[in-house]
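Sharing a structure, written as structure tokens. Questions coming.
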Amino acid sequence: MTDSLAALAQRLQQFAQARDWQRFHSPKNLACALAVEAGELLEHFQWLSEAQSGHLDTASKAEVADEMADVLLYLVQLATVMEVDVLEAARRKIERNEQRFPASR
Amino acid sequence: MTDSLAALAQRLQQFAQARDWQRFHSPKNLACALAVEAGELLEHFQWLSEAQSGHLDTASKAEVADEMADVLLYLVQLATVMEVDVLEAARRKIERNEQRFPASR
Amino acid sequence: MTDSLAALAQRLQQFAQARDWQRFHSPKNLACALAVEAGELLEHFQWLSEAQSGHLDTASKAEVADEMADVLLYLVQLATVMEVDVLEAARRKIERNEQRFPASR
Amino acid sequence: MTDSLAALAQRLQQFAQARDWQRFHSPKNLACALAVEAGELLEHFQWLSEAQSGHLDTASKAEVADEMADVLLYLVQLATVMEVDVLEAARRKIERNEQRFPASR
């Protein structure tokens, strides 16, 4: 994982440890939490047109950034407890997609 | 954003551009896709106990890593089109959580 | 659809019509709203053990019932705009599952 | 619950019993399964415009009806194990919404 994501992962581990929250952080629970946050993120867009979703005001944009942060935080914590290098997995996925969907030229 | 996430973002932008897929990548659509992938990730855990979710076999773990990659890929693309620094947003969120939930000692 | 679900569907149509909300109720938007509500429902369970999830107190149970209601309301509205008989679709699905997963005896 | 939903609930109970699947059907697991199915439903719409989502071809519409059925099946099973009357909860929710969002006239 990149230095910055690794630093984030380490800080989240310390945060959970200091609050004795690690016992809640099974992969199953973290996957639930991630899906919940993905829903909260989507909530901001559910009644907007696609065009409107590209022109949020500053306050809405800050709220959306906050939900995106929550998604990332749970994804990083899931990566920690599963011992998965999610950045490496993402790179492999792009490579597969590049072969699966060849560019037109 | 960190160098590695920024590199990922750039590669995804080129990928979408080369396939003329950027017209599909409104914030709303990317938030939908992220929620869909969060559901696919959760699917692997839905009938497992929490304990079982911590002991996946190698094949299941690879599938889970693959779904986590998809979540990250859509999150990074959403960050690009929204011009949000998701890593910075995640750091701010941890800081707020550290104050909101003080450690016991 | 059953009389009761049909009555619910009709009432929801009148509700949307009286508020000029039907223009927001594309199948895509209703599917987004349903996913958002499914996330809010899941939120109540995300940190509970399975055993705990079977013993909610009265207040939590009322909140969960409320989220379940939201899921049903969007499902019924989606059925209306898609002209799908969801109860009939559910019956057909059970029949397929009965053949796909034969009972042990 | 309406006769038809009650009949569905009873049939699902027999289905689970005959396969000894009830041990998997904690409220938490059923809420996970419902969120997963809501994601699969949304998947059909994620890259469509709102207008396109209102004009699916027959095959896509059948697939969407199938996902809607899955959502209903898990919702009904959750209602059974939680002993919640989801149809009654839905009626109460509409009443609250009618007061919360008064019609323009």
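To keep things simple, chains are lettered A, B, C and D as they appear, and every chain counts its residues starting from 1.
Everything below uses one rule, namely that contacts are C-beta pairs under 8 Å (C-beta built on N, C-alpha and C of every residue); 3 or more make two chains touch, one makes a residue touch a chain.
Here the structure is a predicted model, which means the values were calculated and not measured.
The chain pair with the larger count of C-beta pairs in contact, out of A-D and A-B, is A-B. Mean C-alpha positions place subunit A and subunit D at a centre distance of 26 Å. Centres computed as Cα averages put subunit A at a distance of 3 Å from subunit B. In subunit A, the residues touching two or more other chains are 29, 32, 35, 37-39, 42, 45, 49-50. If you draw each protein chain as a dot and join the dots that touch, every dot ends up joined to every other dot.
Contacts from subunit B toward subunit D in the complex involve residues 24, 29, 32-33, 35-40, 42-43, 45-47. On the side of subunit D, the complex with subunit C involves touching residues 1-5, 8, 11-12, 15, 18-20, 26-29, 31-32, 34-35, 37-39, 41-42, 44-45, 48-51, 53-54, 56, 61, 64-66, 68-73, 75-76, 78-79, 81-82, 84-87, 89-94, 97-98, 101, 103-104.
Residues of subunit C that touch subunit B in their complex: 32, 35, 39, 49-50.
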